[in-house]
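What follows is a group of structures, each given as structure tokens.
Below are two complexes that have chain A in common, paired first with chain B and then with chain C.
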Partner chain A sequence: MNAIFVVARGTFREAVRDRVLFLVLIFGGAVLVLSRVISPIALGEGPRITVDLGLSALGLIGIAIVVLVGTQLVHKEIERRTIHIVLSRPIGRGQYLVGKWAGLAATMATAVAAMTVILMAVGVSVRGPSIVGPLIQAGFMIACANVVLAALAVLFSSLSTPVLSVLYTLGLYATGFWTNDLRSFAAQIPGFAGEALRVASYVVPNLEIFNLRSQVAHGEGTTLLHLALAVGYAATYTAAALSLAVVAFERRELK
Partner chain B sequence: MSGGSSARRPADRRARRNNLLATGVFVLAAAASFAQLRVAEERLPRPEPLGELAYYPSGTWLQQASFGEATAWADLMWLRGVQYYGHRRQVDNVFTHMAHVFDIITSLDPGFRSAYVFGGTSLCQEGKQFDAGVRLLEKGMRANPHEWIYPFQLGFVHYVGKRDLTRATFDFAQAARQPEAPDYCERFAAWSGQRAGYDAVAFELWRHVAETTDNAVIRDKAIEYLRRLVKGTPQQKNLEVWAKELPALVGGIPGAGPLDASPAPGSVHDDTVPEPTRDGQKVSSRQGPRSAT
Partner chain C sequence: MGTILQLVSGTRPAMMVPSGPAHRPASDRSAVRVDGLGKDFRHHWTRRVKTAVEAVSFVVPEGGAFGLLGPNGAGKTTTLRMLLGLLPATRGHARLLGQPAGTPESRVDVGFLPENPYFYDHLSGLEFLEYSGELAGLGRAAACAQARSLIERVGLGPSANVRLRKYSKGMLQRAGLAHALMGRPRLLFLDEPMTGLDPIGRHEVSELMRELKKDGVTVVFSSHILHDVETLCDRVAILRAGRLLAEGTMDDLLARGESGAEIVVVPRGTLALPPEFIGATMEATGGRVRIALADGGRASALVSWLVAHGHEVQALVPRRRSLEDLFMEMFQGAHNVGGEPERDADATPRVRKAGR
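On to the complex of A and B.
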């Protein structure tokens, strides 16, 4: 456990040193300012647009960190050969990988938390204090979704090149919001193809379960049951993805 | 050699154990993840498929917000709108959001012909939202004043949906006046005008069809309708003289043309089409506004 923590801390520090958080916060701030600037042309929907675009920015920031940092995590260390130094210590490959994911998740969660605080301040000014609860829920759910994506990014990073990892992660991010549609399509297709599509819809991460944007845009939150199921799903899906990554990484030749 | 092999053995064993452990975690986690997803599907309120369409803001707003990519957004919305139509067709034939979505699409891309035509006719027929469908087609007509398809579709929905032959005649005639309008627009106008009792209008339209068509069969039909219109009037003799003076046509295809004098049973041209109504009162097709001619 200590080994995992050490690797996670190193990953987090490296991300901070690379000014990832700084750049992300600038980007987030710009999006929030932009959402306020376009409010006058929103025909009375300004507050809604501010919250809506702010939440979209949160999600994009999370996915940007996961893709930009996560997909290069392992590859960069293999390239620099620093991985040999790390693994020569009493750190297992599995611990190393889980530590990398934990560091990445912490970086992403910090950025999302900071952005949520900024968004809450803006949200209270335009929609009153009742928006705080729904915004916290939405920010938390976005972080959960990105934790899952971070696990997938680590999985791809341990298997493939950074470019392919980016493509795979973004592909799963996009299809993650279509899993319900995929299941509807599967129900229309008879035979093996339909069954295969149905199975695929359960293998792809269901990111829609973490999506509270439309509720929050209208000032509503969600139930405890929904939050619990989403957290449970994030935890189990992450565990499954990371254990696959560990199996793949244990077999990988590190030259 | 044996020393190296024995040194590797504990590491190999550890790696194998880790692999086994990770595989076990994977199986358990995947099963738990699947189970939770199923619970979520059953217990959480499921949003109506494509229900987000209700939250889409107006097309005017979206056009401002699209930063020059309005047609691309219109395409995406079109895909969503068609999905919505298909889904509701399969489920309950209730198209609550369809008018809103097609209004957005056509605001984003005012030249999106399929959106007007498909949306307008579907709203009038399957959607049972006649007024909304007509509004959409009229919007298309305003945005594309020289396109014949919008007045033609308006005529079509008024003829089929409301049996409003007066309005249909007006719309078909409007379509026929547009550049590149196919010649059947005029025939539809003449046909519906004749049925609505606008004999003089129908006469002029049929005469124009007969004079301008290059299809001998269509000309014969037009002349036949003209004969019916002037039967028993002093114009009857003049008509025959005029018909003989028309230049000869060759190569006519028997049965060609969308308007047949002996329509198939059940078609819109069937004789079972009810009498037109004016102000809710049934009127005889023979009591058309002859004075207007």
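On to the complex of A and C.
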């Protein structure tokens, strides 16, 4: 457990000092503040649009960090052979991989938390204090969704090149919000193709479960049960993705 | 100056895994035991198999320094990576300090300096060593204390808080050495430790390795630089194209074959050696003649003859066969005996088609 924590802390420290992360955060902060600017010109829909746009920006910041940092996390270490430094120590490959994921997840969660605080300030100015609770819930759910995507990014990064990892991760991110539609679509296709699509719809992470954007934009939060189910789903999916990553990574030759 | 082990303070916390001599058979005093270890690489698409290391076997006793010698592509680095579990072995097995190689348990008391090390750009030298120490199983306070003393020891004290991306190649090599020493390992693997170092740096690293030997640390290092290996190592293994050509103590290996002698003479008039010394070579420089004898046992007879004929003998120097002589003889021998054409040393050795 200690080794995982040490690797996670090292990953977090490396990531937060990366200029890319800094640029993402500046961009995200600017979008959140600008969303406040358009509020007066939105013909009465200003508060709703401000929160909606702000949450969209929050989601994009999370996925940007996961993709930009996560997809090259392990691959870069293999390419540059810094991984030899770590794995020549008495730690297992599984511990290393889980540590990398934890560091990435912590980086992403910290950034999302910081952005949520900015969004809360913006949201309170347009909707009053009642928006704080729903915004915290929405920020938490965005972080949960990105924790799942971080596990997938680590899986792809440990097996593939950064470019392919980006494509895979973004592909799953995009389809993750359409899993229900995918299932409806699969039901209309007969035979093997339909069955394969149905199975795929369950393999792809269901990110819609973490999406509170519409209801929070209307000032509403969600139930504790929904939050608990989402956390349980995130934990299960993350554990499965990381287990797969560890199994594959154990066999990988580090030339 | 205190020894390295005195310099690095801190204690290792209790590990989950047993390690150390207490858990090993009393008869096994080897730091490294390699038995038929080999590695094939299979091309992802063509399925062709390239043999990087055939099946090497050697034993490194505890304490002292062991040199892995060979040209580029000989299999030195691949062997070290197999021992550390970075590459799974295709055949054979090995043990480090009594533990099966490749397991985290086998690396509890092991330090490693990779060839041309790369580190984390955004960490300072000190932060990197602290990180390394914690990975080695040290507590945070112990890792910090050890990192501070080691960074001073390798001469990077003034640059301790500078980010690693600003380090020169020599500084990175020193940082890598300090990393390998974090956690006070009993077994050190150093892959080309002198690479990138200037003469002063090389001297300091040599001194460091002597101190480590004195402290009972087993040092296994690979190198192209034969002089370093000859002066530092007690035992060597010589690899060529993935095969072990020779292994043994330095004295045994260098004692093989004849040792010669060199005589420096100021000749009186013309110097022509008698027929019994017909094999000797002569080289005239600045009024002196250097006579090289392949058989040192005949040097005294030649000196007597030279003196008897009025020549002035200025020096008689026994010529011990150097590691370089041995190395060249072996590689010449391997080429001639095998009858194979010499391959590019950097090219991967044999290629054969494997079944799917």
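Note that in this section the second predicted complex is superposed on the first by the 251 of 255 C-alpha atoms of A that agree within 3 Å, B and C clash if a C-alpha of one lies under 4 Å from a C-alpha of the other, contacts with A are read in each partner's own complex, and residues count from 1 in each chain.
The rule is short, and it goes like this: a residue touches a chain if its C-beta (ideal position, glycine included) is under 8 Å from a C-beta of that chain, and two chains touch if they have at least 3 such contacts.
Please read these numbers as outputs of a predicted model, since none were measured by experiment.
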| item | value |
| --- | --- |
| Winner by number of chain A residues touched, once chain B and chain C are compared | B |
| Which of chain B and chain C A:G92 touches, first, second, both or neither | both |
| Contacts of A:V6 with chain B and chain C, given as first, second, both or neither | second |
| Contacts of A:Y237 with chain B and chain C, given as first, second, both or neither | first |
| Chain C-contacting residues of chain A that also contact chain B | 92, 251 |
| Footprint of chain A on chain C - complex, ascending | 15, 17, 41, 81, 84-88, 104-105, 107-108, 110-112, 114, 117-120, 122-123, 127, 131-132, 134-137, 179, 183, 189 |
| Residues of chain A defined as touching chain B within the complex | 38, 41-43, 45, 92-94, 180-181, 184, 202, 206, 209, 214, 217-218, 223, 225-226, 229-230, 232-233, 236-240, 243-244, 246-247, 250-251 |
| Chain C partner contacts - residues on chain A that touch it in the complex | 2-3, 6-7, 10, 13-14, 17-18, 80-82, 84-92, 251, 253-255 |
| Chain A contact footprint on chain B (complex, rising order) | 14-15, 18-19, 21-26, 28-30, 32-34, 36-37, 39-40, 43-44, 49, 52, 55, 57-58, 60-61, 64-65, 87 |
